[in-house]
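You will see two complexes here that share chain A, one where it goes with chain B and one where it goes with chain C.
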Partner chain A sequence: MENPLQVMNLRKEYNDFLLDDISLALERGHIMGLIGPNGAGKTTTIRLLMNMIKKDGGDVRLFGLKYPQDEKAIKNRIGYVGEEPYFYQNRTIRWTEKFVSSFFTGWDSGVFASFVKKFDLPWKKKIKHFSKGMKVKLSFAIALSHHPELLILDEPTSGLDPVVRREILDLLLDLRNKRELSVFLSSHITDDLYRVSDRIAYMVNGRILITEVKDELMARWKRIIFKDGALSPEVETRLMQVEKQLFGSAGITNNYPQLAEALRDGMARGDVKVENVNLDDILISLVNGE
Partner chain B sequence: MRFQSLNYIKYLLPLSLFLVIYFQEFYLGYPAFKVTVFLCFWIFILTTGALTTSEGYEAKNRGYSILGMLPLTHREIVAAKFVLLLAAVVVMNLVNLALLCIGTKTSAPVTWPGMVMIGILWGVFCLLYCGCMYLGIFKFGYEKVTRFHWVVFLALVVGLVFIVGDILGELSLDALLTLAQSPLGYAAALLGLAAYYLLYRTAVGIKENNGEV
Partner chain C sequence: MFILVSHQDPAPLYQQVFDQIVDAITAGLLQEDDKLPSIREVTAELKISEITVKRAYADLEQAGYIYTRPGMGSFVKGINREALRKKKLHSVRMELESLLKSNAKFAIGAADIIRLIKEIEEEQ
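Moving on, here comes the complex of A and B:
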C-alpha cells in the first residue's frame, strides 16, 4: 500500500528564502511532527503539500497520487487545518457545513454533527463571534467529517489555551488508534509534538536536518553533566553547547550510544550524569549548529 | 451558489433594473445614442462593482484559503468566476437593452439595432476589463488591483460620460444604422470573446503558479 505522504527532494524558491531538498515519508496510522523555528519553512512545506502554492522542484505524492491531475481525489482523502482557521465570518456553522459539504464526496453530516456536539459549538451563532479555540475546533470538525485518511495540520494548537490544546491532541491520538488516521503536524510547540508524534522531523532554514522515530531520537540525544576534568578532551569536544554550571559543565550529545562506554567510569564515580533532553534542546542545538 | 463571494451577483439584477429605470426617466428627452452610452456605463459600474465587492469579501475572509482546502482545482475556481461574470454581463445587457428599447420605442425605433450593437460591444469591453482585473488580483492581490481600478474608473467617468457621451449624442441615425449593419461590430465582439477566453486561460496559469496572493 502506498504511503499516505511521500515527499522527495521538494524545492521552493522565493527571493529571500529557499526550501530545498525536502524528503519525508509518513506511513499509515503514524503521526509525524515537523518542528522548526519561525521562518524555517514549515508553513511553506504544508502549503506545498496542499498544492496551495506551486513547487519549483521535487515530487509530492499523497496515497501515490500527484498534483495537479489528482487534486480532487487527493483532497477528498485528506483533512487540513491551517495556522489561522479561515471561514466566511458572517456565516453560521449550519451554512458553513452546507457550503463545504457540497465539495466533498464522502461528507458525513452525522459525523460533523457529532463533532459539533462534542466540541460544544453553537449551530446558529455567526462565526465572527467565535473565539480562536472555537474556530480551531470547527476546523477540526470540518477536516474530519469526510473520513479523511490523512490529516495535514499547520500549527493548529498555537494560540490555544492548554485545555483546548489537550483536547485536540487527545482527539488526534484517539483517531490514530481507532481509525489508523495518519497525521502530519507542524508546530513550534514541542510539548504538543512530543505528546502525539511517532516520528519527528526537524526543519531549520528551509532544510530537513533530522527525520527519526521519536524514541530513537530521544535515545540518541542526551545531556551530559560532568565535573571539570571528568571527561577526556576527545569526548568533551564531541559535545554541543557546552556551558559552565555551578558544579562543573554540561553539554549535549547527538550520539549517546557511542559515548556511553566512554562515560561509564565517570558515571560510576558520580562525576558524570546523563539526563534526557527535550525536543526544544535538540532544536536549539540544531539552530546553533547551523 | 457554491462560491460564496459570487452570491453578490444576485443583487445586481434588481439594482440594474432600478438604475436603468431611473436614468430612463431622467434622460428620456435626450438623443437615444447618448442614453445608450450612459446606460451601458452602468453595466460597467455594476460588473466591476460586483467583482470588487466579491473579491473584497474573499480577501477579507481569506476565501481562497478556504477554497484551497476543498477538493477543487485552481481551474475550477477561476472558471466559476469567469463564467458567472459572463452570465451576469449577458443578463444585464439584455435587461438594459430591453428597457432601453421600451423607453425609446415611440421616439426612434430605427436606432434599436445600433443600440444593441453598442450594448454587445460594451458588454465585451466590460468582460475584458473584469478579466484583466481577475488576472491582476490573482497576480498582485486584491488591494493593489482595486487601487488601480479606481483610477481607471474615474478616468472612464470623466472620459466616457461627460466627453464621449456628448460627442456621440450628436451622431445621426445613419451612423447608428451603419454600425448595426457592419460586420466589423460582430467581428470585434467575437474577437473580444476570444480574448476573454485567453484571459481565463492566463488567469488559470497565474492561479496555479501563485496560489493565494
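Moving on, here comes the complex of A and C:
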C-alpha cells in the first residue's frame, strides 16, 4: 500500500530562505512529529504538503497521489488544522458545519455531532465568543468529520492549557490505535510530540537533520554524568556539550550503544551515571552543531 | 498486564518490554504455548508506539522465546528453563560486581557482603 505521506527532495526558495532536500516518509497508522526552532521551515513544509504554496522542486505524494491534478482526491482523505484556526466570527457551529461540509464528499454529520458533544461545544453560540481552546477543538471536529486517513497539524497545541492539550493528544493516540489514522504534526511543545510520536523529524535551517523512530533516537542520545576524575580524555572527545561542574562533569552522546562499553566500569563503581535526554536537549545539540 | 515501562529508565522502551516478557517466561508466569497480549493491546495499554512493541516482539522471536502464527498472535515457545535461569544468574553476577566495586572504597568486601546476605536469608 502507498504511504499516506512520501516526500522526496522537496525544495522551496525564497529571497532570504531556502528549504532544501526535504525527504520524509510516514507509514499508515503512524504519527510523525516535526521539531525545529523558529524559522526552521516547519510551517513552509506543511504549506507545501497542503499545496497552499508551490514547490520549486522535488516530489510530494499523498497516498501516491500528486498535486495539482489529484488535489480534490487528496483533500478528501486528509484533515488539516493550522496554527490560527480561521472561522466566520459572527456565525455558529451549526452554520459553520453547513458551510465547510460542502467542501468534502465524505462529510459525516453524525461524526461531527459526536465530536461537538465530546468536546462539549455549544451549537448556537457565535464563534467570536469561543475561547482559544474551544476554537482548536472545533478545528479538530471539522478536520476529523470526513473520515480522513491522514491528519496534518501545524502547532495544534500551542497556546492551549495542559488539560485541553492532553485531551487532544489522547484523541490522536486513540484514533491511531483504533482507526490506523496517520498524523504529521509540528510543534514547539516537545513534551507533546514525545508523548504521541512514533517517528521524530528534526528540521534546522531549512533542512531535515534527523528522521528516526523515536525509540531508536532516545536509545542513541543520552546524557552521561561523571564524578570528578571519572571522565577520561578519550571519552571526553566522544561527547558533545561537555560541562565541567564543581564535583564532576556531564556531556551528551548521540551514540550511547557504542560508548557503553567504555563506561561500564565507571558505572559499576557508581562514578558514572546515564540519563535520558529530552527532545529539547537533542534540538539544542543540533542547533549548536550547525 | 505484567509489563510496566518507564520513560525515565535509560533502557530503550523495546528493551524494557523484551526483558519483562523474558522475565515472565523465566519465572514461569508465562508457560509454553501461552498466548502473549497482541501488539495492539500492549500499544494501547502502555500508551507507547506500535513500533516499540513490534520491535520487542520481533527481537523475542529472533531470540527464540516466542513464535508467531499469522492471524492468531504470538505464543511462548518450548523453552529450556534451566538455560534461562543461567542467564538470570549472569545478570545477578553483574549486579554483584557493581555492588563490590561501588563499596570497595569503604573497605566493604566480599566476606562482608556474603555475611549480610546470610543474615538476611536467616531473618526471612
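The rule we apply is simple: the second predicted complex is superposed on the first by the 287 of 290 C-alpha atoms of A that agree within 3 Å, B and C clash if a C-alpha of one lies under 4 Å from a C-alpha of the other, contacts with A are read in each partner's own complex, and residues count from 1 in each chain.
Heads up, the rule we're going with is that a contact is a pair of C-beta atoms (placed from the backbone, for glycine too) under 8 Å apart; a residue touches a chain by one contact, two chains touch by 3 or more.
The shown structure was predicted, so the numbers you read here are calculated from the model rather than taken from an experiment.
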Just from the overlay, do chain B and chain C fit on chain A, or is there a clash?
-> fit
Between chain B (first) and chain C (second), which, if any, makes contact with A:Y88: first, second, both or neither?
-> first
What angle, in steps of 10 degrees, lies at chain A between chain B and chain C when each chain is taken as its C-alpha centre?
-> 160
Is A:P68 contacted by the first partner chain B, the second partner chain C, both or neither?
-> first
So, does A:D198 touch the first partner chain B, the second partner chain C, both, or neither?
-> second
Would you check which partner chain A:K42 touches, where first means chain B only, second means chain C only, and both and neither mean what they say?
-> neither
So, A:K214: does it touch chain B (first), chain C (second), both, or neither?
-> second
Give one of first, second, both or neither to describe whether A:K137 is in contact with chain B, with chain C, with both, or with none.
-> neither
Quick one: minimum Cα-Cα distance, chain B versus chain C, in the superposed arrangement, integer Å.
-> 28
Within the complex, chain A is touched by chain B residues 2, 4, 57, 60-63, 65-66, 68-74, 208-212
Complex contacts: residues of chain A adjacent to chain C | 29-30, 173, 177, 194, 197-199, 213-216, 218-219, 222, 265, 267-270, 274-276
Within the complex, chain A is touched by chain C residues 7-10, 12-15, 40, 43-44, 47, 49-52, 55, 94, 97-98, 101-102, 104
Residues of chain A that touch chain B when the two form their complex = 47, 50-54, 68, 71-76, 80, 82, 84, 86-89, 91, 99-100, 102-105, 143
